[in-house]
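Labels A, B, C and D are assigned to the chains in the order they are written; within every chain, residues are numbered from 1.
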Amino acid sequence: MSGNSFGVLFRVTTFGESHGKALGAVVEGCPPGLTLSEEYIQKEVDKRRSKEFIGQTPRKEKDRVEILSGVFEGYTTGTPIGILVYNTDVKSSAYQQLKEVFRPGHADFTYHMKYGGFRDYRGGGRSSGRETVVRVAAGAVAKRVLEEYGISVVAYTIALGGVVAEKRDLEFIYQNHLYCPDEEAYLKMCQKIEEAVREGDSLGGVVEVLARGVPAGLGEPVFDKLEADLSKGLMSIGAVKGVEVGAGFKAAQLKGSENNDPISSHGFLKNDAGGILGGISSGQDIVLRVAVKPIPSIRKPQKTINLQKEELDLIIEGRHDVSAIPRIVPVVEAMVRIVLADHLLRQLAYLAFQQRLRFPNFWG
Amino acid sequence: MSGNSFGVLFRVTTFGESHGKALGAVVEGCPPGLTLSEEYIQKEVDKRRSKEFIGQTPRKEKDRVEILSGVFEGYTTGTPIGILVYNTDVKSSAYQQLKEVFRPGHADFTYHMKYGGFRDYRGGGRSSGRETVVRVAAGAVAKRVLEEYGISVVAYTIALGGVVAEKRDLEFIYQNHLYCPDEEAYLKMCQKIEEAVREGDSLGGVVEVLARGVPAGLGEPVFDKLEADLSKGLMSIGAVKGVEVGAGFKAAQLKGSENNDPISSHGFLKNDAGGILGGISSGQDIVLRVAVKPIPSIRKPQKTINLQKEELDLIIEGRHDVSAIPRIVPVVEAMVRIVLADHLLRQLAYLAFQQRLRFPNFWG
Amino acid sequence: MSGNSFGVLFRVTTFGESHGKALGAVVEGCPPGLTLSEEYIQKEVDKRRSKEFIGQTPRKEKDRVEILSGVFEGYTTGTPIGILVYNTDVKSSAYQQLKEVFRPGHADFTYHMKYGGFRDYRGGGRSSGRETVVRVAAGAVAKRVLEEYGISVVAYTIALGGVVAEKRDLEFIYQNHLYCPDEEAYLKMCQKIEEAVREGDSLGGVVEVLARGVPAGLGEPVFDKLEADLSKGLMSIGAVKGVEVGAGFKAAQLKGSENNDPISSHGFLKNDAGGILGGISSGQDIVLRVAVKPIPSIRKPQKTINLQKEELDLIIEGRHDVSAIPRIVPVVEAMVRIVLADHLLRQLAYLAFQQRLRFPNFWG
Amino acid sequence: MSGNSFGVLFRVTTFGESHGKALGAVVEGCPPGLTLSEEYIQKEVDKRRSKEFIGQTPRKEKDRVEILSGVFEGYTTGTPIGILVYNTDVKSSAYQQLKEVFRPGHADFTYHMKYGGFRDYRGGGRSSGRETVVRVAAGAVAKRVLEEYGISVVAYTIALGGVVAEKRDLEFIYQNHLYCPDEEAYLKMCQKIEEAVREGDSLGGVVEVLARGVPAGLGEPVFDKLEADLSKGLMSIGAVKGVEVGAGFKAAQLKGSENNDPISSHGFLKNDAGGILGGISSGQDIVLRVAVKPIPSIRKPQKTINLQKEELDLIIEGRHDVSAIPRIVPVVEAMVRIVLADHLLRQLAYLAFQQRLRFPNFWG
């Protein structure tokens, strides 16, 4: 029941449940001397908060980020950064009825089996999507690290409820609440959401993530390949059911002559590899996509059972989003940043050695 | 440049290059008292060897498995199992011409960048698919572990060169050299291979993997979720560009009412989750699929450059498969087994504690 | 700058500085179903607090323990236990004068060099003994785990300021504020403390730790041997400069015929091994000793320099203990418990496998 | 039963038993571009071989080192270095009588208990000191890494059989087969060995290890402190029962005014800290000492039991050293080098970041 830490040199550990006292993250390995503030982290966390839009939960957590350690007089010190988000808007009574019921598509049954019947059933406890609020906070620290190397990560919605975005208008992403890069698709997605709300149903989708400015050389074959760690990080997000890099599943239908990216004296001529070759970044943009399943909490009646194995028709009222999209978008960014920050540091160790980087000598 | 180990309690470390002296694996965490022989491991490794079929490399490594440690008088001792496979049929001269050329779709460029220009260019060195021979050997040890718990893993080809298998005839898998569960599809796939050989091109495909008998409770939220570790393991295989679990990318198009698996008093009524909920096995079959890109080594001319950034048209002669399928199939099985063996042991630790399992007392 | 986590299955991560907002620990791997309360943890933490005795700092932190996660309705849930202790009695102004001075025997210089000049100088920041308050809290969770297996750990002072305890009166330990098992020695130690206070100096000593009820079989050769992990845990405590197991350094002077512990049909006939053979617990008591250096903060003038390399005579006023003993005693217990809890779970994994422990089957 | 790997970035995994087919090490994280040959490693391994001296085993393993991977055309490639040493001079028959006997002071009993009765009893199997042959080989790779930074490590015998070396004549170390830095003490030690051989007994001792040229800044608080990892590494060597750094156990008797190392504008004025403050190297020499217990295999009769709990008097014939010293000396050096290489790389990661070290850009 370890398994709540991620990374080797840049390492994130999280704790906390949906309706517990607080959620927290410990971020190890952030180098010293970086400016970092609660405001900076808050900004990222706010991207994940539910907004005043149809289809988003009315649960309005303020999600106030507190830095408890690792930052002194505005600068990181190289020691672990403790981050806390207290749970405030907790309505646990709504979950009382669910105490002994296994909600389909949720982790109720598996948590029950794994933890021998001991679980915080309120809002899914540890399995709640709410856990990701501190991943986003940790990802903000990773963002600060990557900024220093000119590496940026952006995720956006390229499919929702069957509507597929054709365009990649990265400007438009921040002009719509679904983080969609295609205005036409965005409008159709909104319609799908309205339909789903009416039906008491939920929607799945696809999020694409793009990392730019990543230098060639990140990734540690043969197991800690860059795409392997990225996949692990992304697949560890609750609603994600698939990950692909570059051409991904489409590559399965291609021939080598089509899929290979030719190289000219100025660089690669296309990027079906998604910026990674042999587990190592190539210097091109890194492109991944994740499949997001529809939120399992729906108002439509569903067949299920309770602890006593009695069958029943479940209607979930509570406060729920219609889709993990768009709130999963900053979580995807966070996980990619955490992986890249870790691999940046890992490669820097060797790069420094290759250049026989000198240690500072105090005595001169 | 660590990153060559995988797992927590059941832990595999590999070493070796395609044209070096030998490839090896160290398997830690195999419990004592299991029968294990070179023959048992050899049988798995042989599944990965190239066969006398069109489209497969004439490089005929005998791939003789040697156990160096950890097994005594036919039984495992609980100490690390060292496994070695010497390289014998090494024709490095064919690679002399490739010494300073970056083959498109291969890791030549990224290895060059990561390792500061020091790399064993022969046959791709460490980045070669040949490295997987010892993964399969390690996977055989994991298979022995899982057998004791009635857990079986089988992988098979469900798409190749655009041909999609509709059936899941698991008997038929071992009656054809592509490990395809659909006879009709198999015949079409063979045609595709012949075409590709004629054209000097290569093919991608999709492999599905099915784990049966997995008890509920394996997987360690929130980062070492079962699908997260499975994804990492599978994505660390050279040619894999995508992983999905259960409905996978199809789930992105479904509604919650469609995607959720209802539960009756006798069990789940379907399995779109792919046997994992909230990162923990549910007791249902575990189902994953991986996208396999076409082999990058093709005879068709490709644009690329050499170390001096001179452009050239590359025709790769050498000895190459037309597709990573079917030889990747036992590698997929091996990685899934390694992950399951590790998580089986991890959960057993807690299960034992919950039951206050007693230690043997020698003194009585 | 990772390195703030310890353990494999039972895993502790800490964060926080002496004069920061709070100190925290995340405890992963505590099995579900154990009763656990803030009171239980508080009791252990209180053992570490300074008391109304001569030679102990008047800094009177209340050290209120808060459990933020992982416990629900009084029981552990198997999810990570977040523990927080807010810093309240913080007088940072006393440290203002030390901002640019390297205190001899402290980590000021090395932190300055390692972290590129960015450090929280107040009270030693992360290097402060105060960090151990959350180690003790985490150790309390480990204590709960070990209790279920009848394993107990007790540490006590066997030397202080040159006075050596001859007796091992374990009852007396809790009847004196130095946790000394020898009344006569205790009284002499008190005199030594008074002298040191008068002189403005500080004292070193030796703490012995005894683990009883440990079953045979804990420890993972060849690197994670039980004494290796115990040594790491103990050496990671600030003031510790040496660790020995069983006969320890005395064994260096013995012959094999003296040092070997003979075995009879009822058990070992003595215990110079200290309960560990070949890295694995033997079922006997585990006995270790740690050398504790004198507290480096003293009122006597000391030669040192500041950031500008100017020499100066330093007199440290502030609020300081005269010795890390006795407050280090519960820290030693905590670290030993954390190691034992981890190795207990690791061995249980294999023990469960050897017995083919069955998983619960919900469906019957 | 994992636990056979050590290190984070520079990571060593070992396998193999005393009388099995071979012993091996996998060294991950060695940077590319270093010259490395079997001869270089062999030279270190030869230091550990038994010599033609009284008190050393006549078992004369050739201990031929083979590099299987990770080195190409004389240079490391950054990929894992597989190292093998075949066992050749194996006389297992001598151990047949010991199959069911628990030798006092050996790991026979604890291995029996841990591994459920499955163990390779020949020569102690995995618990044999012979396992260290590949630690020394791995340490040779670490030596190559450290050389590039001008870091050197030397260990030597400062006590044997009660004789204590007063001098530290580092030149003399290589002029005597006990690696003793004091000629007078050396001669007395030789007498002690002769006595012990005559008596059929064995001797313990103390080895000191000195690391010079270590830059300030290595070590990762609060758990992976430099002395913590060094202690773990050293305590994982079979015969070691105690570790101390700097003044060590003597510090327990000192006052702060005595133990603290004053600092002048030219550096520290003494080195009782042993080169480490707060878990981080200070730039001074690193000094540690380990207590080595007497070899448990002696010809004198010892009381013990067999598997059936029958008591017996055991006389161990076989081929055995009289002391783990001097053959443990190169093992101590190896472990210290492995730890330093790992921490060198870990700190380089952050140093590189602090200097915003630029990645090479192929495209110009």
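Here is the rule we use: contacts are C-beta pairs under 8 Å (C-beta built on N, C-alpha and C of every residue); 3 or more make two chains touch, one makes a residue touch a chain.
What you are looking at is a predicted structure, and each value in this text was computed from that prediction instead of being measured.
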| request: If we define chain centres by averaging CA atoms, which chain lands farthest from chain D? Would you check? | output: A
| message | I want to compare two interfaces, B-C and C-D. Which one has more contacting C-beta pairs? | response | C-D
| Mean-CA-position distance for chain C and chain A (Å) | 37
| task | Please work out the Cα centroid separation of chain C and chain D, and write it as a whole number of Å. | result | 26
| request: With chain centres taken as the means of their Cα atoms, state the distance from chain B to chain C in Å. | output: 44
| query | Multi-chain contacts in chain D: which residues touch at least two other chains? | reply | 1-5, 8-9, 14, 31-33, 78-79, 109, 113-114, 116, 126, 216-217, 221, 283, 346-347, 350, 354, 360, 362
| query | Quick one: in the complex, what on chain A touches chain C? | reply | 1-5, 7-11, 13-17, 20-24, 26, 28-33, 66-70, 72, 75-82, 84, 109, 112-120, 125-126, 360, 362
| query | In the complex of these two chains, what residues of chain D are touching chain A? | reply | 8-9, 31-33, 78-79, 145, 148-149, 215-217, 221, 266-267, 283, 344-357, 359-363
| query | If you look only at chain D, which of its residues touch chain C in the complex? | reply | 1-6, 8, 14, 102, 104-107, 109-111, 113-114, 116, 126-127, 131, 159, 161-162, 196, 199, 201-206, 216-225, 227-236, 238, 241-265, 269, 273-274, 276-283, 291-298, 300, 302-305, 309-311, 346-347, 350, 354
